[in-house]
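Below are two complexes that have chain A in common, paired first with chain B and then with chain C.
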Partner chain A sequence: MLTLTQQLTNLMGAFTLTFFLQAAWNTLALAMMGCSIGLVMGFLIACVRRTRTRLLLPLRALLIVLVELMRRIPFLVTLFLTMFTLQGVGVDLSFFTIALIAVCLISTAYLAEIFRTGFESVPQAQIEAAQTLNFSQSQLIFLVMLPQAWKVVLPPAFSFMVSFIKDTALASQLGVVELTFAGKILITRGYSSFLIYGLILLVYFAMSYPLSRLGARLERRLGQPTAKPSASFQPPAALTAERLS
Partner chain B sequence: MHYTFQFGEILKHWPDLLSGALVSLLVAFIAFWLGCLIGLAGALAQQHASIWLRRLVRGYVVFFTNTPSLIQIFVLFYGLPDVGIVLSPMTAVLIGLSLNAGAYLTDIMRSGLVSVKKAELEAAATLNMSAWQSFRYVTLPHLAKTIYPLLSNFFIWIVLGSSIGGLFGVNELAGQAIEISSTSMRSIEAFTVTAGIYVVLTFIASAFLYAVGYWGFRVRARFI
Partner chain C sequence: MPHLQINDLSCSYGNLKVLNGVNLTLQQGQVVSLIGGSGSGKSTLLRVIMGLTHPDTGSIDVAEQSIDYTSAQSIRKAREQIAIVFQQYNLFHNMSVLDNVMVTPVKVQKRAERQVREEALALLAKVGLQAKSDVYPSELSGGQQQRVAISRALALHPKILLLDEVTSALDPELVGEVLDTVRQLAKDGMTMLLVSHEMHFVREVSDVVAMMDKGQIVEMGSPDQIFNNPQHPRTQDFMRKIAWH
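After this line comes the complex of A and B, so read on.
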């Protein structure tokens, strides 16, 4: 076994550095793409959920059930289930795509819930006023509800996205070459696992900490949300340090 | 797609799945209470301790909330043997989850401590209560009531989070699912059933926590 200094100098070589950077990029891409898609889908689901027509009742019921289910299944199980189902169906997808689909499913469910809480924070009188003024449904959402719900939505949405950078570590179990998997490969190449996992912890920290600081700052600037936080189940990311300080 | 579902193959293993579910709950329960102790100590330290201890606690919280719990346990389980400390899978998972939970719970507890009004503490001091008495009879009831919804959310989150124990060979629900799927080759069914059990498990836990909150702490929160 090499000594610690030898290992460190080897690690600083061009090959391992690019390997590490590539892996870190995969982690970021997984989290960012998953959350962007989740943001859009979650917004759409929240919009459908606040409609009242009888026509959409089955769709609403289905969405509620799906969102509730997805939020009660661990990410690890979702990952495995997505992988085996997709492979069972016979679609040939890369591990990265499979992991991305699983990430999208989970983030859609959580962000739909965050958006719903935000929409509920808008006073009913505002909505009635908009209806009296003959606003269309999209005008109501984009001109009245979204600007007010934003304050309530943004902080938990932000900390949720930050928490997703960490959760993608589980995708290494499928074989997606992201940071955690890169670490495993380096360990099989003979580096000390203490050193490598310690380094990886630092890299995750370096990615997640600036973002969570940014989220905390955003929240302070937006001021205290007017609505009470939803007591229904949300990830603890919605209640991190910065939020409470 | 030519795939015949055979859920019978999985349901045969129901004793394993049931014991797995119980182990999951147990792991979550232990990690939650250890985390609560760490959290309470951390929150009290942040309010009353010296500046260095406060900084230390702050560093602990920031570090553990910004890194994945999976890698934290990796360091404990695969990293520590390099330094000569060998932990069993269960111990490593429990320590990792507790430390991780402790970091989040420090913040939750602190938000509760902040919500206790200064006037009430002064009133307690006027009544000549000791520090312990004012903590026990003034601070703690406030704390329990304000942070109860957050704590029950957190417990559910730990039940889900304990699933990573399966990757280290702890026989909890996800671990059992991985084992059953690799022995029976019925992966889709195994993980579908497991997902179903997790849903039922967390629903029961939510309902129970809701009832305790409603009758015990007068917390009227949304259930779903």
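After this line comes the complex of A and C, so read on.
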């Protein structure tokens, strides 16, 4: 077996490196697109679930069923179900696209629940005040509910998304060459497991750490709608600079 | 032309009949006060007028136009002429004081922002809160929040103002400042329907006082008649029980 240094040199060879980076990109793409679409669709589903008209009742019922199903089935099962349903229907899509569809379904379901909880955390009195002021539904949601829902939505949403990056590894079971799968392939080519999995760990970390930092930053900015340092705060006289020096 | 006419209004929550045939007329510039014990239906009446609760039978005419509770459009039209101030102020937590006052004229009534800003600042100055226009509601006292809530209601240029126990949630020393504001509004000729426990104030500022009990108006008359010479046994009972200092 080659030494660690020799392995690293081989790894940096054009072909292997490209392979590795392509796999990392697949993971990143699945995670990013899954989370973005999940956020938008999850938000929309939460909005639809708030409606009361009889007209939309079948849609609401369908969405509730889908969301509850997706949240209770193992991700792997959802992935396979998606693949076999799509192939059964006769649609010819790449493994990556099928995995992407499944990933979007799962993230939408989880984020829809998170947004729903966020909306329910807004006191009914706030909603009634907006209604008596003749706010339209979208004004109510964007001007009053969403700003107040962020502090309940952001922590679990980012927690889910950071964790979800890891779950994209399951796409390997569909045949998508993502990061974990690439690792296994490289190991069968003779690289040391320690080196490969160590590198994979670093890459996963590099993807999820910025996301958690972003989450923390957004929580500070959006998640505290009522906090604002009071301009009129005066420290007690005992703590002013002259006394301390 | 009566500003507000309530005809034989009934409303129930499940089996409990909260309003039981209420008849009331509010003329332009009149101040009518509703008094009575808890559960008599006073707040529910205001909620029905604002369309937050739908009645079972009876009707409400705003400027001789009956409100059709099955039509969102009809409720919206009624709300354009009536504004309500709640017991718990219900200012939007995520907006500053000035934004709270400005949001409805700008976003809902679609008026020019510059003019609305001037008006909003003038309204806040009238209640003595112009210096606090960039402050968030959580940083204000209850009395200050209630005065902002009154400004927010007045910014809509309503024809009728509903005041639902606006001082009941306040510390005693803050009640005076809010009552001063309402007193001034009465002097300025605003048509108001007032629910209050502040008997001295009700007596001072009302044109008509209506005593409610078990969802009905049991007695109605001038303040002098109701307070000094109540006829109905329930009114007499109520007057005996409330402490006159």
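Operating definition for what follows: the second predicted complex is superposed on the first by the 212 of 245 C-alpha atoms of A that agree within 3 Å, B and C clash if a C-alpha of one lies under 4 Å from a C-alpha of the other, contacts with A are read in each partner's own complex, and residues count from 1 in each chain.
What we mean here is this: a residue touches a chain if its C-beta (ideal position, glycine included) is under 8 Å from a C-beta of that chain, and two chains touch if they have at least 3 such contacts.
Please read these numbers as outputs of a predicted model, since none were measured by experiment.
Enquirer: Mind telling me which of the two, chain B or chain C, contacts the most residues of chain A?
Expert: Comparing chain B with chain C, the partner touching more chain A residues is B.
Enquirer: Just checking: does A:166 make contact with chain B only, chain C only, both, or neither of them? Give me first, second, both or neither.
Expert: After superposing on A, A:166 lies in contact with chain B but is clear of chain C.
Enquirer: Return first, second, both or neither, reflecting whether A:175 touches chain B, chain C, both chains, or no partner chain.
Expert: Neither chain B nor chain C is touched by A:175.
Enquirer: Touching A:204 in the superposition: chain B (first), chain C (second), both, neither?
Expert: So A:204 only meets chain B here.
Enquirer: If you stack the two complexes on chain A, which partner ends up touching A:190: first (chain B), second (chain C), both, or neither?
Expert: neither
Enquirer: State whether A:74 touches chain B only (first), chain C only (second), both chains, or neither.
Expert: After superposing on A, A:74 lies in contact with chain B but is clear of chain C.
Enquirer: If you stack the two complexes on chain A, which partner ends up touching A:13: first (chain B), second (chain C), both, or neither?
Expert: So A:13 meets neither chain B nor chain C here.
Enquirer: Mind sorting out which residues of chain A both chain B and chain C touch, each in its own complex?
Expert: In the superposed arrangement, which is not itself an observed complex, chain A uses residues 230-231 for both chain B and chain C.
Enquirer: Inside the complex, what are the residues of chain A that reach chain C?
Expert: 125-126, 128-136, 139, 143-144, 147-148, 225-228, 230-231
Enquirer: Where on chain B is chain A touching in the complex?
Expert: Listed in rising order, the residues of chain B that touch chain A are 1, 3, 61-63, 65-72, 74-75, 78-83, 104, 106-108, 110-111, 114, 149-150, 153-154, 156-157, 160-161, 163-164, 166-167, 174, 177-178, 181, 187-188, 191-192, 194-195, 198-199, 202-203, 206, 219, 221-224.
Enquirer: Please output the residues of chain A touching chain B within their complex, sorted ascending.
Expert: Checking each residue of chain A against chain B gives 68-69, 72-78, 80-81, 84-85, 88-90, 162, 166-167, 169-170, 172-173, 180, 183, 187, 192-194, 197-198, 200-201, 204-205, 208-209, 212, 230-236, 239-241, 243-245.
Enquirer: Okay, in this complex, where on chain C does chain A touch?
Expert: Per the stated touch rule, the residues are 50-52, 76, 79-80, 83-84, 86, 88, 90-95, 103-104, 107-108, 134-139, 152, 156.
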